[in-house]
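Presented sequentially are two complexes of chain A, the first with chain B as partner and the second with chain C.
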Partner chain A sequence: MTTGVVEAQELTKRYGEVLGLNRFTSSITGGITGLVGPNGAGKSTLFRLLAGQLKADAGTLTLLGHPAWGEGEFRRHVGYCPEHSALYEGLTGEAFVTTLLRVDGFSRAEAEERALRAIETVGLTEARGRRLRTYSKGMRQRVKIAQSIAHDPELILLDEPLNGVDPVGRSTLTELLETLQKAGRHIVVSSHVLYEVERLTDQIIMISNGRALAQGDLHRIRALIDAHPHVIDLETGNPRTVARFLGEWDHVTAIEFPGPGRLRVRCRAPEEFYRALPPLVVRERLDIRSLTSADDNLDAVFRYLSEGGR
Partner chain B sequence: MSGELSRLGTIAALSFRGSLAGLRVVGLTAFAAIPSLIVLALVSARPPSGTLANAALGLFPSLTLPIVVMVIVLVISIAQFRNEIDNETLVYLSDRSVRRPTIVVGKYLGALGASLVLVVPASLLPLAIATVGGGTPYPAAVPAATAVAAALAAVAYVGFFLFLGLVSRSALVIGLLFGFLWEELLPLLPGHVPQLTLIYYLRSYLSGTLMSGPLSGYPTTTPATSAVAVLLAVAVAFVLAGAAVFRYLETAPERTSA
Partner chain C sequence: MTISAPRYGSTSSERLGRTRRVLAIVRRELRRRAGWGTVAAVALAFVSVAAVVIVDAEFASLTRTLRLTTLEAPFESPIWPLLLLLVATSAGAGALAEDAGNRSIVLYLSRPIRLLDYVGAKAIACGTWILIAAAGPPLTAVLILTLLGVVPTSIAVSAALGYLAVGLLATIFLTGVALSLSSLTSRPLYAGVGIFGVVLSLFIGAAAVAAITGNLYVPYASPVTLLRSVGIGVFGGPSTPETDPATSAAVLAIAGAVLGAFAAWRASRVEVVSE
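So, the complex of A and B:
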């Protein structure tokens, strides 16, 4: 039974011998969802499957309850902003958006009105009469976003939309996505720049090597991480003494000596570790100069999961 | 229905405009001008008027139709899908709610229009130059027949090459092989083999339409009307085949990374 706006079950896509997606399973229920992973992880393959550019080799993929592969009126309810920057270079920005709206079946008058509105929304009003071949990378990103939202779709698929956009443009687009979400639109946005997604949403899907590593909000994923060994680096004047005390704790699974005056501790309950360490330091007068841990941002979470918890 | 026609017109206009944009159109225009330039060179040599007229007309079946028209149509038609698949612009059309056969027909019409803009003048201008330069006008049927033959060639070749661009990543090479080997060598073979080429029907049309001159006298058993019917049928068949293929075609470029 399909319940999400996007449902992927055991989705597999091969490029010859290379696996683009490997039994990818995920359910996207709505709002803004971030698809996070490094280049080559399978994000664009998933978007191409969603856009109907590719056909899955195995598994199922639906969007808005319709199979992603194939044509249909349901595509009028979907907007897609591809990652690549190719455009119909000879057209102006305005003509580009208007033409695609006309292809979607809008009357000339309505297409022109909607195109102007979308172009204004992404901040390209002044450049709307210029040919696309003269657009900068950031402007190209924005006009691609304009064509993806101009028909007021229910589901918007944005593949690396902030790539190449300047800081002011990023801020504008981030606000735009939040506005669209508030208007009830569902947005799936991919990025390999993790803080971008972190700013947009805490609903994330982490993808690597074609598989969904984790899905949920950041806190759930954090809990998932906490179920695995957590790495903490310490600088101390007496590593062996500190290691002796820490080694007695049940949740510490391994202690390494990566260099002079340094300790690397792996533990299964980092919160317990952080709670118990200060009393130990005070009681035993241990010389611990610094303590660093994978911080709580998405980057650290992703690195951890994509390395398989090593 | 009117909605689908409107979409068809939009896609055709987009394809037409794209076909006649950028450096490609400069190159194709220069290529289309070759017969005219040859006739201009002949005019400057001041040959007898009748010789000039026949020489200019003789270029049509030997150069303009089999090489100039064919190459122009090949380049324009293959670009419709192959280039758009390779540079990923096709997704802007294929992810819309428009039916995929509409995209194929729209692109066919756009490519045909763009081809006609180049191949009809390429066929008529040499005759006009010869007329002005030599002072002997052609009978009205001659430029009419050459223009129609060029248009028919575009109608049929656009259909075939469009299909080729959809099904093959080596469409340009295959298209050139088709144009210069299949279309040129098979007509030299005996029996019914020449009937397997499109150029046979184009020459049959010319031969059946014009009773005298360099364009008549082609050894054919096919009447002009039948030749036209075959050329139109070929175009329709390949457009339909293209529409069928495109419904099941992955439009992302081939790659090995995700």
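So, the complex of A and C:
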């Protein structure tokens, strides 16, 4: 019995000899879920399968309880924003969204009203009468997002939606997705730029080589990699003294001196490190000016999982 | 530009049925296909075909030899089928190729629309333009001649039905050709060259081979010849058709249906096209 908004079981998709997805298994329960992986990891293949554009070679995939492959009325509850440009260049932004709403089954009047609203939502009101061929890349992304939300879908699939959008647009689109989530919509968003997803949600699926490396809360995923060295950078006035103390700890596996006044520590138990460090600093009066961990970044988590965590 | 919070209406808005959704695509496609090439080809068909019918009928009326066979004038030369081929090329080349090229087919098919509905809507839009060019000019000419009192109503009705029948057959065949070749590429230009080139090559090639070999079956390979034969057959002479009209009609109808089915099959392979 399927319970998630999206359920994938042993999903496999081949392109000839190339495996797009390799026994991909995952369950998406709702809210915003980030699909993270490098280019070629299988994100777009998964999105195309979700959008009903591809047929899986093996395994099952359901959306909102319906099989993803094939035709179905349930698709009116799904919004899809593809990665690549999929626009009629000769249409205006408004006509483009209206046309797709008409295909969704809305009356002309309601389609036009909803198109205007969606275009306003993504900030294209002033450009709505311009032909799509005159739109910038960021504007194209916005109008694609507009068509994906205009019919008020329950589930929104956004394949690299922030690609090509300027920094301000990224920020505001992020706010838009948060607003949609608060309105009860389920959103699956992919990106190969990890910090983008990190800003959107803690709920992530990490994908590489067509397989789900890890899924769940970012912090839980982080816990999965505690067996691997965790990198912590310290700035200190006396790096050799600090290194001497830290080197006595069992969970510290390596200490490097990347530059003057800097110390890089690799440890296997970061939580124990963070717990033990403050008493040490107080007791030994160590001069530690800053402490940062590159591993707090999703990029590092992914690197661990894809390179060493398999 | 700013982005605002979305405002949603009722999520339970009543949606229109399948037919209305298909018609929405048809309407959009009719407008998209109304490029200058299509409009010019249709206008050329109207001017040339209507003029031929009117002049022939006026002359026959003056010489008191006007009969139904007089109105077969459009089928006496290959000009009418070739004009239809121009319309089919212009209106049909981009029907599926353009959507595959700009990937908008992805957005269409992610909606609650069936693949057959999508291809069907494309066929209706393309076919409408071909039918306008195929049946519109002679029907208009007959209407004018009837209003002027040149052609008796009984002959006018028979002629109109004949034009409509041949026009529909031409539409079925040329729509099938246009969609099938459009489904093979993501470049409308290639599809256009293919549509025009294939039909024209068959016309010229079959004529040349038939002239050299004297084989009576070779002309069946030429859609232009088949269309002319059906037209001549429907109007009852006086020209002699190169192929049997009934067999020609069957060949055209079957070929059109098979090519249409092929286009639908190709569209169902969009996952390959989009990769």
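Assume the second predicted complex is superposed on the first by the 241 of 310 C-alpha atoms of A that agree within 3 Å, B and C clash if a C-alpha of one lies under 4 Å from a C-alpha of the other, contacts with A are read in each partner's own complex, and residues count from 1 in each chain.
In this section, contacts are C-beta pairs under 8 Å (C-beta built on N, C-alpha and C of every residue); 3 or more make two chains touch, one makes a residue touch a chain.
It should be emphasised that the depicted structure is a prediction, and the values quoted were computed from it without experimental measurement.
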Next on the checklist: After the alignment on chain A, I want to confirm one thing: do chain B and chain C clash, or do they fit together?
Outcome noted: clash
Item to check | chain B versus chain C as contact partner of A:Leu177, first or second or both or neither | outcome: neither
Checklist entry - Who does A:Gln147 touch here: chain B (first), chain C (second), both, or neither? => result both
Next on the checklist: A:Glu110 in the overlay: touching chain B, chain C, both, or neither? Say first, second, both or neither.
Outcome noted: second
Next on the checklist: Per the contact definition in the header, classify A:Glu120: touching chain B only (first), chain C only (second), both, or neither.
Outcome noted: second
Next on the checklist: Tell me the contact category for A:Ile187 with respect to chain B and chain C: first, second, both or neither.
Outcome noted: neither
Checklist entry - Between chain B (first) and chain C (second), which does A:Ala8 come into contact with in this model arrangement: first, second, both, or neither? => result neither
Next on the checklist: By the touch definition at the top of the document, which applies to A:Gly42: first (chain B), second (chain C), both, or neither?
Outcome noted: first
Checklist entry - In the superposed arrangement, does A:Arg102 touch chain B (first), chain C (second), both or neither? => result both
Next on the checklist: Looking only at chain A, is it chain B or chain C that touches more of its residues?
Outcome noted: C
Item to check | Which superposed partner A:Ala212 touches (first chain B, second chain C, both, neither) | outcome: neither
Item to check | chain A residues contacted in one complex by chain B, in the other by chain C | outcome: 15, 48, 51-55, 71-76, 78, 80, 82, 84, 86-90, 99-100, 102-105, 107, 147
Checklist outcome for this item: Contacts from chain A onto chain C in the complex sit at residues 15, 48, 51-55, 71-76, 78, 80, 82, 84-90, 99-100, 102-107, 110, 113-114, 117-118, 120-124, 126-127, 142, 147, 149, 152, 169, 172-173, 175-176, 179-180, 183
Checklist entry - Of all residues in chain C, which touch chain A in the complex? => result 1-9, 11, 13, 15-17, 20-21, 24-25, 28, 32, 102-115, 270-271, 274-275
Next on the checklist: Quick check on the complex: what are the chain B residues that touch chain A?
Outcome noted: 3, 6-7, 10-11, 13-14, 17-18, 21-22, 87-89, 91-100, 247-248, 250-252, 254-258
Checklist outcome for this item: In the complex, the residues of chain A that touch chain B are 15-21, 40-45, 48, 51-55, 71-76, 78, 80, 82, 84, 86-91, 99-100, 102-105, 107, 147, 210
